[in-house]
Structures are given as C-alpha cells and as structure tokens.
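Naming follows writing order (A, B, C and D), and every chain is counted from residue 1.
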Amino acid sequence: MSSNSFGKLLTVTTFGESHGPAIGCVVDGCPPGLALAPDEFRTDLERRATGRSRWTSQRREADEVEILSGVYEGRTTGTPIALVIRNTDQRSKDYGDLQDTFRPGHADYTYWQKYGIRDPRGGGRSSARETTMRVAAAVIAKKWLAERHGVRVRGFLAQIGDLVPRGAFDWDAVAQNPFFWPDASMVEELEAYMTALRKSGDSVGARVSVVADGVPPGWGEPVYGKLDGELAAALMSINAVKGVEIGDGFAAVAQHGSVHRDEITPQGFLSNHAGGILGGISTGQAVVVSIALKPTSSILVPGRSVNLAGDPVEVVTKGRHDPCVGIRATPIAEAMVALVLMDQALRHRAQCGDVGEVAPRVPGDAG
Amino acid sequence: MSSNSFGKLLTVTTFGESHGPAIGCVVDGCPPGLALAPDEFRTDLERRATGRSRWTSQRREADEVEILSGVYEGRTTGTPIALVIRNTDQRSKDYGDLQDTFRPGHADYTYWQKYGIRDPRGGGRSSARETTMRVAAAVIAKKWLAERHGVRVRGFLAQIGDLVPRGAFDWDAVAQNPFFWPDASMVEELEAYMTALRKSGDSVGARVSVVADGVPPGWGEPVYGKLDGELAAALMSINAVKGVEIGDGFAAVAQHGSVHRDEITPQGFLSNHAGGILGGISTGQAVVVSIALKPTSSILVPGRSVNLAGDPVEVVTKGRHDPCVGIRATPIAEAMVALVLMDQALRHRAQCGDVGEVAPRVPGDAG
Amino acid sequence: MSSNSFGKLLTVTTFGESHGPAIGCVVDGCPPGLALAPDEFRTDLERRATGRSRWTSQRREADEVEILSGVYEGRTTGTPIALVIRNTDQRSKDYGDLQDTFRPGHADYTYWQKYGIRDPRGGGRSSARETTMRVAAAVIAKKWLAERHGVRVRGFLAQIGDLVPRGAFDWDAVAQNPFFWPDASMVEELEAYMTALRKSGDSVGARVSVVADGVPPGWGEPVYGKLDGELAAALMSINAVKGVEIGDGFAAVAQHGSVHRDEITPQGFLSNHAGGILGGISTGQAVVVSIALKPTSSILVPGRSVNLAGDPVEVVTKGRHDPCVGIRATPIAEAMVALVLMDQALRHRAQCGDVGEVAPRVPGDAG
Amino acid sequence: MSSNSFGKLLTVTTFGESHGPAIGCVVDGCPPGLALAPDEFRTDLERRATGRSRWTSQRREADEVEILSGVYEGRTTGTPIALVIRNTDQRSKDYGDLQDTFRPGHADYTYWQKYGIRDPRGGGRSSARETTMRVAAAVIAKKWLAERHGVRVRGFLAQIGDLVPRGAFDWDAVAQNPFFWPDASMVEELEAYMTALRKSGDSVGARVSVVADGVPPGWGEPVYGKLDGELAAALMSINAVKGVEIGDGFAAVAQHGSVHRDEITPQGFLSNHAGGILGGISTGQAVVVSIALKPTSSILVPGRSVNLAGDPVEVVTKGRHDPCVGIRATPIAEAMVALVLMDQALRHRAQCGDVGEVAPRVPGDAG
C-alpha cells in the first residue's frame, strides 16, 4: 500500500528507519526550473533538529541532505527529486533493554500487532526521525509557493501545558527564541517551566498553530479533496498529534452563527473565524490551522506494561528525554501545510487553468 | 481530479447537486457475497434526514435508494455498487433572491472564486445534501464490519452550544431522543434550548463523538495512511466541521505524559486517552473520535456581504432554517468512520494477510 | 479497489451490468464552462450501438443519456458529471440456458473464479455494454480537446480477418460506411464477407487504428505515466483487445534504426514511425495507435466446455450473434484515446504551466 | 504528478538520472517477513546489465544494491524498502557534443518540449538506466510470488530483426546463451548476425516474450484494473517498447472464433490462445505476453536533425553503441510482469479474501 506517499500532483514518498543506515524522500511533481541547492535545506532542518537547544532531546545529527536526482545545474528538471540523509547517530543500544518490552503510549505495541515484528531500533517508521524528510521536502514547497504565489507559511507554539502567550503577538519573537513562542517577555518563564519539567522526569503536551499568508482564493477541491480535509490528514499524520483545528476549531462549538460567520464588505472580510477556508476552498484570507500534541510517553516516571512474554513489567525510558516533543513540531507542521498547499495549487491550475496555457516550444525561438 | 472519491480499496465516489435531478454514489471494492437490500438504507437515511424532528430543517425528502448495479439476487457481486436517490423536493426558488449575493460564511463565495460560476441551486456540491450518499455508502461498510469483524460504530451529540451531558452516559438514550443525546434527563432542557434558538433566528455549534467498538489491533498504515490521519480527513470533509480530535484530543495539550500514556497490564490497557490509536495503528481498544461543527451561516439575523457586482448588501437567509446542523451530523460522522475502517481493514489483510487471516496477537502467546 | 475508475485528473468511473436496471458513469475533473447538452452524446453512442447496421448484433437500445449532475444552464460547473442510461432491453432470458455453463473464451469463467458468483445476466461487468459509458464520457473529452487544443481523434477499421484496405485512405469513407472502412470501393466486398461469416455461425478478429491530430508536444509523463503506457492500458481494457501498437508497433521488430528513427528538419519530422510519441511524451506529430481484437467467443459453432458441476457440455451461443465485435470497437477506441489525452493535457499544465496562471477573481470586475 | 510510481498495493517509485550520483527505488507494500539480502539482487541485475556480453553496450557498472530501509535482521518489516545504486560510470562527456542537438528518434526532443530543459547527461530519466531499478524491485516480487504462490516468471527473446527461433523451445537454452534465445542451435548464427549489425553501425528491433507459470485463477480486476491492461501499461513503459500482445495478440485479427476460443474440458483448457487472461482476470493457465522493441536511434549511421537554435544538423551517436537494445529488455520485461502480478495478488486477497485465503475453484467441487 502506498501509505508512505502523499499528495496527488506533488507526491512525497518517505522511507527509512530512525536507526537504519539512512532516511530519505522522493519529491515527485515539482515543476521544472526552480532553483535548488543542498544548503537550502539547512535552516529548516536545524529548526526541527533534536538538540536545537537544551530544552529538547540531546540527540544530535548532522542531517546533511544529499540531492540524488531531479536537479541539474542548480535547477529542478521536473523529474523526481530524491533526497537522502545518512543516519550518523544510531545509538540503538540506548533502547536495548526495551527490546522485549512494550512502552505504554508508544507505537511499538501496534507495529508488533500489525506486522508481527519487534524492531527495537528506535521504533522504526514510527519514530519522529521520519519527519525530518517532511521538513526537507517542504523546503521545496515553501520556496515554490513563495516565488510563484507569494505565499508564506509560518508556525508558532501556541500553548505548552497550561501556559499560553499573554502579551502581543510577535513573529520576530517566534523566530528568535528556542520555543517558537510569540511573546518574548515569557521566555524566561518558559525556561523555568521546562527545567522543572525535566527534573520531574515527566513530559507535557503542546499546541502549535500555523498561518499561511498570501494563499489566493480558489485552492482546494470538493468534496473529498477539501483543503481543510487534506490539511487535517497531513497534520494528524505527524507523530503525537491528537487534534486538528481549522480557524476557530472547537471554539466554534459554543459560538452562534451571527458571531462565527465572517462578514464581507467591498473592502474584504471583517473577521477570520473560518481560518481562510469555506466549503473546503481557500477564501483568500490567511489559512490558520492548529494542532494538539500529546505529551511523549518516553519519560522517566515508571509505568506499568507487559513484555513480549505477556508478563507485567515496569517501564522507564532511559536515554534521551524530550520533555515536550511539541516544540520541535512547529517546523514539521509548517512543512505539512506547505506541502498540502503546493499540491492543491497545482491541482487548481490543472482543472481551472483554462485561461493560462503552455505554448509548444519551437527550436530557435527564445524561451 | 478525483476529489469526489475517497478510500483506497473501498472507494466511494459521490455525485449530484442538492437541487439537481438526483444524487448518487458508486461504492467500489466491496467484497462479494454481502447480503444487501434497498430497504436496509432506510434507517440511517432517516436518522440523517433533515426534518427528522421539529428541531431541524423542515425539508423533507423521501430519500428512497435505488440500487443500480453491483447486487444480484440480494448479494453483492464484487462489482461497483451504484446507488441513486432522486431529488423530489427541489425548492430552489427559496434561494432565488440569493442568486447574486454571497452569503457570509458560506461556500458559494469560494466556489465562485474557484470555478467562476454562480450556481444558485442551494450551493451545489457544498450542500449538506451530498452527505446523504456518505450515509448510504456507509450502510454497506457498517454491515460488513459488523458481520466480518464484529465492529460497531456509534455516534452521539457530545455538546451543543454550552450544553454538555451531565448524567450517566446511556447508549439507549442516544438511540431514543431526536438529539442523539446520551443523557435522557436533559431532553426537555435541550428542547427548550432549541426553541429559544430558533426564535432568535440564530444558530449554534456542536460537538459530535463517534465510538467504534470491536476494532482489532493492527488496522492503519504508517506513515501517510495512518488510521487517525484518514479519520481526520474523512471527518473534516463533512460540511461545517472545523476540528477533529482522536481520544483526548486537545485536552492532551495540558496533560502530563505520566497521565496520558495508557498503561498496559496482562489484563489489558488501564485507560484509553489515545482513543484506540497509537502510531496511526489501532490498539484493539475502542476507537474514539470527536468533531467540532460550526454554527450554520444560514440564519435569519441580517449580516453584511457583497453581491456579484461587488456592492455591499445585507443578507438574511430565508426559507429553511436549521438552528444546529451539528445534530444531524451524528450519523454522517458515523458513516465516515465506518468507511475509513472498512477500507483500512481491506488494506490490512492485503499487506499482512500472509497467514490466511490475521488474528490479533496476544503478548505471551506463541506466534 | 478503485478498478472501475481510471484517469488521474480527469477521472472516469463506470458502473452497471448489461442486464441490470441501468449503466452509468461519473466524470470527475472536467474544467468548468464547457457547453454540454444531453443530445451531444447521441452521435457517438449510435456509432457504437449494437444494431447500427445489419452487420452487427441486432440488440437495439435507445441509449438515451440523462445528465444527473455537474451541468448547470448548459455548461459544466467543475463538479462531477454523472451520466446514466437505463437498460431498456434486458432480454436476459436469452442467456438462460447458459446459466450453469461456462462459455469457452468468455469471462464468465474467470468472474466465477474471482468472485465465486455466477451472474447469468449477460456477463455482468465483462459485457461490452459497459463500453457505452466510455463512449459517453469521451464525448466530453473530445469536445474539450477540440475546443481547447484543436485536437481531433478519429478511428477506422484497419483489418478484418484477412481483409485490409487496398485503395487510397479516405476519412470521408470512414464516416460514411457502416464498417468505418477507409476504402469506399471495398464496401460491397466487406458486405459479402460479413454475410458469409454470419451464415457460417463463426466470428473473426479485427484491427482498429486511431489517429489523434493536433496533439501538441509535451503531453505525457515519465516514467510510469507515459502517454503510450496509459494509452496501452486504456485500450487493452476494452473488451476483446489482445494487442496494442504505437506507431509502427510490431513492425519495428524487423526494422533497422536508420529506418525507424524519424529524422527532423527545420520544417519538421520527415516520417512518423514513432506514432507521435518519444520517451512517453508527445512529439507534436499525430498520435497513432492500433489494437487487435479477438473474434468473439459467442458463436453458433458448437464448442466443448464444462458446467458448474464440472461435467463436460457442448456450448452454442444462441440469441444475438455479432460476427465481428471489432467493428463497433472503433468509437470505443477513439473514446479511450480521447480520455487519456485530456487527462494528460490537464496533468501537463499542472506541472509545466508556470507561464499560465489563474488570477483571483474580484467581485465587480469583468470576468 | 506521481508518474514515477506505479502499482496500487505494491507501489514502486523510482528516481535518478543515468548520469547523476545515484539511481534508486522505494518498494512500498511488501508484506512483512520475506527474507531479503543485498546479494539476491545480483543475478537479475547482471542479466540486465549493459556489457553482459560483447553483443550489448560496453558500459559497465558494478550495480551494487544498498538496502537503505525496510529490512531488519534479513527480513522485510512491512515498511518501505529503499534501494540505491551509485552511478560509478558517469561518462557524460561521451554525450558532450550532443548537448545542443536533438537526436532523431530520441526522447531528448520531447523532454525539452515538456520541461524546457536540455539535460545532456544521457537523457536523464528517459535513459534505460532507469530500468535497473525495476529489475531490482522485481527481485522482491519474484521471490514473494514464488514462495507464496509458486509463480515463476521467465522471459526469452522471440525475434531479432527477421530471425525467429526455428528448433525446439528450451528454457535451459534461454538461461545459458547471452541472447536469452530458446534455440541453442542458432547461437552462432545470432553471433554472426550481431557482428554484421555492429559493423554496419546500425541497429535492429526485437520481440521479447514473458511467460508466468503458476498464476492462480482470479487475479486481475474489472474494468480498468484488468490484468492485461496493467501488464500493457507496465510493459509499454519500458524504453523502446512500441507494442504489447497478450496471448495470440495481433494474430487474433485473422483468426476465427471457433479457433481462438480456448475450449474447456473437465481436464482443463485445450489451448491457450488467450494468454491466460479472460475479461482481464487470470484463468489459471500460463500468462503469456510479448512486446515489440524498436531499434535504438543511437546509431553510427548519420541522420538529419536540428539543434536548439533550430538549424539543420547531421547527427552521429558516438560512444557506446548497442545494436539491439531488445536483448537486455528480457529481464526488464520479466520484472514488470512480476511487479504487476504481485500487486494484483495483494489486491485480490484484499477484496476476495473473506474466506481467509482464496483457493482456486474447481467446477464440480462444493464452494
């Protein structure tokens, strides 16, 4: 089953286990002519990388992307772009004592149920390591969206545990602190919160929001290819995500229609409760989505479980400890939004592009 | 673009506009041999029908399903099952005065942006009328899941505006009151709430939850075919849905890992915060999902908008008025869950059926 | 499995059995704004219809197309177009005595093997009746290709049994004789040939060629979406087809490279051995394909077979007798070529349409 | 567009240019538990390799497969299997003088038309180098088919230019001579033929046939997922293929129905004109397919063409010269047949596996 691929016209296939020799992806369907160099992947991969600060897991990988195909003389050719990252830090020994034990709240139990195989190398495909390639693939999508349509996709951490931003929203702050937090005045408070959390050996959930500015009206397809439906699938496929909201999301449950509907004037919409999507199609306003990330189950607090033999065991996850996996989910959520948007952009011009046409090329003519 | 189809092995394609001659669907991939008669569609279609009680829109359609293909002598043959329902109540006149006006919060604006066409017949494909065929298609899925795997898929209304169930949860109550409400003692209160809402000409949002009991462990596919990812896409594609949660959903944001993880004992899981899914694969516990539905924008409270000429207008939606579209979303949400589960069940036996049939594994057992 | 659908951006789903209540299709992905009326389907459906002349089966169906969705005020809306034809001539009694017998060379044996069901109603989905909906769907594709790109798709009968056209090729002759034969001087000879064949109770094979003029260079996608690969699949999916050729086809086996390659001058190609496709992408020359159709197995000559009980039986197909099913395959082959071309045209502008763009619409502006 | 992938449940994605750093593939959907080691790829890759004898191109690549993912402790895990081969022999200088020239009969013209890019590195994705990964992927499919279903897929060269096998057919001969020729007595004649051809600087076409023994009845899906339709697409996607036949193929054009139909007795079929497929579904007989390969256009005989500036030029392909590319197409054709069969096998058990496993039915047996 092609469940390691997604997207209809921009198709991304990822492969690789967290502790195998390499991870990689194939990006198929990118238009020709987009400038692309290996070092353009660095920024987003570092934003995602574990170990980006002392607040996240200490695992450190170089994450150097090699472009194996699809780019010639610095530009995409229209053929599939294969990217590979070698795993340089395969400390699978860390998990050695978990080889026969199911960790509560972890996918190793369901993978074993499905495939009948107990792969102790860090969870195989269920590891967040896989998301590295989503971020890499989305570097291409973000660039195409920006150059071609002026779309900008940015995420931020909107809640961690009980903490929410209190002050004014500031995208510059998001870019500058290690928490992707939009309120610079709270960074010290967050640091103290994380220090206490780490000491407790426990973890906490988080909420991440992504805003895509510049999306033109008309992207998205009825009925089962709705923009919000595909965003939901893409975001829910990120590790640890347990909820997805478009615009006001669950707050809409308690709203009245006279409040929720976004009124329109000749100057534009008066609000954006809809999160930029109506009937599955973009309105031209900012597309706004949020996700809920559960607290990681890999914690130092002992928990009850069973082993392969069916005996009760007490589990403590040693090795790396990431008290809030939600923080580094920010660039991953951006990535999924960008990939969905580019796919929908290509689909929109396929069906509705009858006013724009590709003329046959004639040898000897310019262009 | 095949965006009017969904599912990989059980593929459902729907067609038809709310005020055209008919709506229909093609269900492709159902195994042969399943007993199926036209009258089996009646129950769920009536549960979904507008006009099922005085609390929802007064539109009344017979919704008689005709089976055009795929069934011979009362059993499915393995070929595509086409179902058609004639639209008998096409009162498109109701919307006549909206022909040149965009309703705030309604998809007519985005459809016009996408296709350049203003179809006044009740919103075309964006109408909730389309969901009738999802419910019809899911009658097949529910039956197959029940007969083949003992899976039962049931939904209930979990919140309407600010009201939440207070008493003991009771599936029998859900089946017996017109609100799918799990607390029979609150039905009068709900009726009063709806009466007041209707008088105000306004609408309100709702929360619907669906529980699938009996799902064996192992259904769902990594990484982009995760069970929760596909549930999210399927549910978000329902009209008016703005949010999807799996298990604890957004409540997980404020939880600690020591609380959220579902501990395991030789007797089974001790909790179900995960909603029956880990790493995108079912655990064997009940699959639990919830959705947020926005308040409909078709209300009697005047709102600001523009017309096709770009002039400002005041909009009031006359004709039918459904103060809470979320109520009738309950069987639709059940339908989407059932269709996703059956598709995943078929995919699971395709990839993992090398031992004839895949029995759930039990830690401690051989094999 | 979605095997009753084909096409990636223009997706056609067909349903219906030859002797059920109706057959139909859903055409998803057609751009909005194409003029389309029910009577436009008539010409091609009559060209395909059995009974179009005394030389083909006497079955006669009105084949009136009803458009159930996707068209508003005479133009496509961009939403799925559902077409339905009621089966008015369901003489399944004709096949009554074959209910328990497998006909040699017929799909009823393999359908029974696959699904475990013996559906005597004319072969179910394996009947050529299904191809009616391909022809209907392709009316839309032919029109869009012609209006949008100036592409014309025409087929002719290139061989029947041992007979091949001897005189000058004439498209007008193809349009005027009941054999789609390009040499008017041979029509009487063909009539005599068919009369003798009918009297013998036997059948014969045929070769049909299709030429698509006006296809611009660049359509088709490497590597598994090649234009010739998709044409091959589409054409081989027609009943009774046993071979597909692009351009010179099997004649290329004995050719030298110095002959086969189509040399290029500033004035264009000097030949078209390639059939207008190189590397799976159109060259700008006419696209030329041919198919081999086997002689139908439904003949009056007795043959050996077995029944459901496994006993040897002698089979004679009574009822309608079509001595050369290949004749009416001509418009079906055209249909499949047109559908593949339109799908590829949409895909080409999705990936390579960066110079043509769809501007957002502004209410109040023209267009 | 995902046109670098094929297969529905066993999905193969290939990437890489002939003269880029590497080529590779991702095989998604292989069941877990299949034993797989890197050295198992060697035999088929050597059979395909250019330079396998002095009769084919002298290019020599080690073609060492690295397994990047999906295999743990020597067995497949059910997750995507990524295979990569480094290009060690990138002599793109050979083609330097063709940088601005279109070769007649070559895809470089159509790629430039489609993408607007002139990639001189050996034709990019249109190079036969890409087929290496098809052969590699099919090693997995062949092994699964053999172990799980006893299916054996074997090809042979059935014609080269005007030469056809004259003596008795012998699979052992196929395995032992460098031409995959089924008549050992003709090998010297073939060698002389090839020597003369090489001296002339010209090339010649070929015909390759593939036989799959042991395919059970029931594989293949109506209507657009027919086994023969998918074989046709898969085989036509091989470089230089211009025709595909199932069973008797084009010979059926001149056959009578009383000859072509394969009669059935309680002991089985009396012939196999159908090539093992009826109505798109396997009959249980051997599946037999043949392809026509054109003579390569890369020859030493000068030909007319144009350059990027539109000026007329004379083209001579220097560098490697492969007088009959059809020879090495034999293992590639086997590969495509095996991949299609495995995909269909998985799909069959998804839809029709309700009795655990689907055993071939025998007329006369119960069930």
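The working rule: a contact is a pair of C-beta atoms (placed from the backbone, for glycine too) under 8 Å apart; a residue touches a chain by one contact, two chains touch by 3 or more.
As the structure is a computational prediction, the values presented were derived from the model and not from experiment.
With centres defined by CA atoms alone, the chain at the far end from subunit D is B.
Counting C-beta pairs in contact, the pair that comes out ahead of the other among A-B and B-C is A-B. Separation between the centroids of subunit A and subunit C, computed from CA atoms only, is 44 Å. Between subunit A and subunit B the centroid-to-centroid distance comes to 26 Å (mean Cα coordinates, whole Å). For this pair, subunit B with subunit C, the centres built from the Cα atoms lie 38 Å apart. Residue numbers of subunit B whose C-beta contacts span two or more other chains: 1-5, 8-9, 14, 29, 32-33, 78-79, 102, 113-116, 125, 222, 306, 310-311, 347, 350-352.
On subunit D, the positions that touch subunit A within their shared complex are 1-5, 7-9, 11, 13-17, 20-24, 26, 28-29, 32-33, 66, 68-70, 72, 75, 77-82, 84, 102, 112-117, 119, 121, 124-125, 306-311. Contacts from subunit C toward subunit A in the complex involve residues 8-9, 29, 31-33, 78-79, 148, 216-218, 222, 266, 284, 346-361, 363-364. Of all residues in subunit D, only 1-6, 8, 14, 102-111, 113-116, 123, 125-126, 130, 159-162, 202-207, 217-226, 228-237, 239, 241-266, 270, 273-275, 277-284, 292-299, 301, 303-306, 310-312, 326, 347-348, 350-352, 360-365, 367 touch subunit C in the complex they form.
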